[in-house]
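Dropping the structures in below, format is structure tokens.
Okay, so chain A shows up in both of these, paired with chain B first and chain C after.
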Partner chain A sequence: MSTFVVQTSHLTKRYGDHIAVKDLSLNVEKGEVFGFLGHNGAGKTTTIHMLTTLLKPTSGTALVCGKSITTDSLEARRHIGYVPENVRLYDTMSARSNLRFFAKLSGVEDADRRIDETLEFLDCRDLAPRLVGSFSKGLRQRIGLAQAILHRPDVLFLDEPTSGLDPMGIKTLRDLIVRLNREFRTTIFMNTHLISEISRTCTSIGVLNQGELVFRDTIEKVTARYGSESSLEELYLSVTPVQTQGAA
Partner chain B sequence: MRELIQPVLTIAGKDIRDALKDRFILLMTAFLLVASLVALTVAAIALKADVATYIEAKAGLIALGKDAASIPDPAFYPLKLLRGFVEHVEIIGAIIGILIGYRAAASERGRQTLALIVTRPIAQWQFLAGKVLAGTAIISAGLIIAFIVAGIAVTVISGVALSVDDIGRLAIVMSAAGLYAVAFFLLGFVCALWARKLPNALLLAFTVWLSFVLIAPQIGDTLDPDNQVAGGVFKQLQIAKPQQIEILQSFSTYETIRNGIEVASPTKHFERLSFAVLGIKDTYAGQPLMPILAEKSSDLVWLLAIALALSLLLFVRRLDPNRLSKE
Partner chain C sequence: MVTAHSTSRIGLLTGHSLAALMRERTVALLGLLFLILVIVSAYLGWSATSTVNAIYLRSAEYMSAQGQTLPPNPVLDTSPLALLRNMATYVSLIGALAAIVIGHQLMSAERKAGTMPLLGSRPMRPADLGIAKSLALIVAIAALVIFAALINTATFLALPEFRLDAIGWLKLAAFYGASGLYLLVFGFLGLWFGASAKSETVGLLIPVTIWLTLTFVLPQITSNINPVAALNPVSALAEPPASAFFQITGWALGSLSLAEAYRIISAQLLDFLPANYIDRAAIPAAVSLFVAALGFAGLAARAIGRMDMTKGDYDA
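The block that comes next holds the complex of A and B.
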């Protein structure tokens, strides 16, 4: 049986003449923390939108936990957790009400017990009765993460998860992602344009440039080959030449 | 079956709780109630003046030696007082419908929660059905309150208790009002779900509202030859209905165009049905309900067809992820 949680083959998304994602063939193994690196507009979010079944690919195929994102999207979604960039949730509802809503939609039995467990895991049980509207961005992101893991998905898609957070918030979230991966064996597929995020959180890396996958390897091998974080930066700049020369 | 219905009810329940916290929607509903009560009061004052005139005339006739028993009692139709109320429902009800529909999608887009919902293991139709169910429930609750208040106000103002037949007529008009407002809810929802930018959605929905609620019926009314004299040309000239039809046959093309503009408006269909059922239009006052319903069934079918067409538009199109957030 395949150990790949995400499998794409020649996945392509076009908007008229513009190719947002081109011929993407990528496998992510169970238990990996995969960092998807690329400039703004490289096609990372479009890829996540396709893998979370939000967007229909123009051509190619993609499987999430063996389920096709196009022909079996409902089943694929049962295995998915998703945290978009800058998630806000329902301001006028408490954290618990927000989570109860998403738990019900995900078909979680005994939602309240699961919510307590999840908040406990994220070290934020005290947030449950408070209105989400009163939360800082960091706390909001944490509840956003909670809604995505309530049903214990096999794979969690995170789109720029630390965007706009303060250094403390970034560290807390990174630690949570690593713990989530270790304790629940959740595969993480994380979009980012921050190299530091990749080097501190991920076990493997893919670099997308203008819709094309230009690099894919494990962090272990990359570090062995290139050494420090600054070398990882040089590697990234070397595989994304067009954008580094100032092209949009 | 439970698996299919549960997500629909979950989404509807959340939306209803959310709308009840929305001060703007509550304010608009309160405005509809206040405006309706003002309209009823104005109608009551006019009625009181008519009654005073009648009493004065009757006293004059008796003083002239006429037998009191031979003076006929005035025909009084309390539901006629609801004319202003129906007109407020036409305009404000449509606005409330659009706002609730817009809010149903815009609030999710603004919070980025739409993407979270549609990546849950639920079908698109379940999400949309939940939203439509919530919108329908909110609109129905508002209309039920408005019609109960209007019914009580009519009873109190006129001093005449509503008969079972009157209550039945009110219930029919309330149902038609619900269908009418739900059509505008669907319009607001579709626009807010599909527009690239949210303010454009509101602009588009209100352009449609302006065209079909205000302009089209106004054009139709202005062009109506019978409306050229206050009280109606035919009535003033005491021309009977058969002659009226004969005269209008000479203007058949003109009348087809004029009527075409009018029937393009759901507002006009709602108005024609309501004015006939409540007896606001003199021709229908005191007439039995069933023949009126038979005659006006096409207006009800039009309202239903508009709501169904918008529902179809909503349910067949796949949600575009580029429209899942605010911009």
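The block that comes next holds the complex of A and C.
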């Protein structure tokens, strides 16, 4: 049986003449923390939207835990957890009410016990009775992460999870992602444009440039080949030439 | 196929939508206003009828003293149900507006909350959200109509001079059924544009414009009812001029004139339809309302099913 949690084959998304994602063929193995790197507008979010079944691809196929995102999207969604870049929840409800609603929607039995366990894991049990509308971005992101893992998904999609967070918030979230991967064996598929994020959290990376996958390898091999974080940055800039020229 | 899991998710979404709706002040205020007007309608009907009755009794006393023959009491010639005739106007004005706001809020509140991507990545069928929102709309409108019906039932029970027989009670129930159907037409209209409009304001303005057209413009074209007359339940049912123009527009557009269709049904059920009134529309009034409610429900379901689930908000 395949150990790939995410498998895409020639996955393409067009908006009129613009190709957001072009011919993407990519496999992510179970237990990986996969960092999807690319400039703004490279097609990372569009890829996540397709893999979380929110967006239909123009062509190509993709399987999440062996389920097609187009023909078996309902089953695929049972294995997915998703945290958007800007987590939005019901502001007039408490964190617990929000989580209870999403837990039940995901078919979690004994939702309250699971919420307690999840908040304990995320070290934010005290947030449960508070209104989400009063939360800072960091706390909101944490409850956003909680709603995504309540049903213990096989794969968690994170879209720029540390965007807009302060250094402490970034560190906390990064530690949580690593713990989540270690303790629950959850595969992580994370969009980012931060090199530091990749080197400290991920086990493998892919680089997307103008909708095309231009690089894919494990962090172990990349580090062995290129060495330090600054070299990783050089690698990134070398495989995304168009943006570099534009910026120069 | 609707599974047990799917049913429980629809129930959960419906309950959640209703709870969110009850937190909306605009909806609560419009609903309250509608219910107050129901009480006012019953009071106005009772007051007008009591005044006529009191005048008749005094006149009868005077005429008896003079040895004159008494004419019949006009109150006894009028059905007790007609004392609710103002209800038809209130339902088609404030009731329809409340229904539009309810339908619109059911979708716009969700869009403003920005939770569509979280809902869309849950194991639900694409149709589940549409079914849940439609059910929430039906429950909210049914609650309004049932409250109104209870108020009117209490009014009839409290006024022994206006006794209803079994047929009367059935007609009253049918009137509330027709009112619920009429409100659903506008509720689904609001739901449709709440889901499909690019901005919240446009999503509310378009249904309100359609409501204005149906309530004030179309009746003028099909039956020569000017907007002021449309506010009067009795004059709104005056026979249109017998010119060829109104014969043609009445036949061709009468079926689209839903406010008029509702007034005709209400007048028939509450016993205030002028005896010589002829409905010229090509399709019977009840069928028009039913088709419109079904049509708008279909359009709302289609719009919800085609929503961009990647967007967290109207302009995100």
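By our rule, the second predicted complex is superposed on the first by the 246 of 248 C-alpha atoms of A that agree within 3 Å, B and C clash if a C-alpha of one lies under 4 Å from a C-alpha of the other, contacts with A are read in each partner's own complex, and residues count from 1 in each chain.
The criterion applied here is as follows: a residue touches a chain if its C-beta (ideal position, glycine included) is under 8 Å from a C-beta of that chain, and two chains touch if they have at least 3 such contacts.
What you are looking at is a predicted structure, and each value in this text was computed from that prediction instead of being measured.
Peer 1: Using the overlay on chain A, decide if chain B and chain C clash or can fit next to each other.
Peer 2: Clash.
Peer 1: In the superposed arrangement, does A:K56 touch chain B (first), chain C (second), both or neither?
Peer 2: A:K56: touches chain B, not chain C.
Peer 1: Is A:R77 contacted by the first partner chain B, the second partner chain C, both or neither?
Peer 2: both
Peer 1: Using the touch definition from the top, say if A:H10 reaches chain B (first), chain C (second), both or neither.
Peer 2: A:H10 sits against neither chain B nor chain C.
Peer 1: In the overlaid three-chain picture, which partner chain does A:R185 touch, first (chain B) or second (chain C), both, or neither?
Peer 2: A:R185 contacts neither chain B nor chain C.
Peer 1: For A:L105, using the defined touch cut-off, is the partner it touches chain B, chain C, both, or neither? Pick first, second, both or neither.
Peer 2: both
Peer 1: Which partner does A:K171 reach: the first (chain B), the second (chain C), both, or neither?
Peer 2: In the superposed model, A:K171 contacts neither chain B nor chain C.
Peer 1: Going by the contact rule set out at the top, does A:K221 touch chain B (first), chain C (second), both, or neither?
Peer 2: In the superposition, A:K221 touches no partner, neither chain B nor chain C.
Peer 1: Under the contact definition given at the top, report the residues of chain A touching chain B in one complex and chain C in the other.
Peer 2: On chain A, the residues that contact chain B in one structure and chain C in the other are 49, 52-55, 74-75, 77-78, 80, 82, 84, 86, 88-92, 101-102, 104-107, 147.
Peer 1: Applying the document's contact rule, which stretches of chain A touch chain B when the two form their complex?
Peer 2: The touching residues are 49, 52-56, 74-75, 77-78, 80, 82, 84-93, 101-102, 104-107, 147-148.
Peer 1: Which bits of chain C are touching chain A when the two form their complex?
Peer 2: That would be residues 5, 8-9, 12-13, 16, 20, 23, 113-115, 117-125, 309-310, 312-313, 316 of chain C.
Peer 1: Residues of chain B touching chain A in their complex?
Peer 2: Counting only chain B, the residues touching chain A are 3, 6-7, 10-11, 14, 17-18, 21, 110-113, 115-123, 318, 321, 324-325.
Peer 1: Note which residues of chain A are touching chain C in the complex, please.
Peer 2: 49, 52-55, 74-75, 77-78, 80-82, 84, 86, 88-92, 101-102, 104-107, 147
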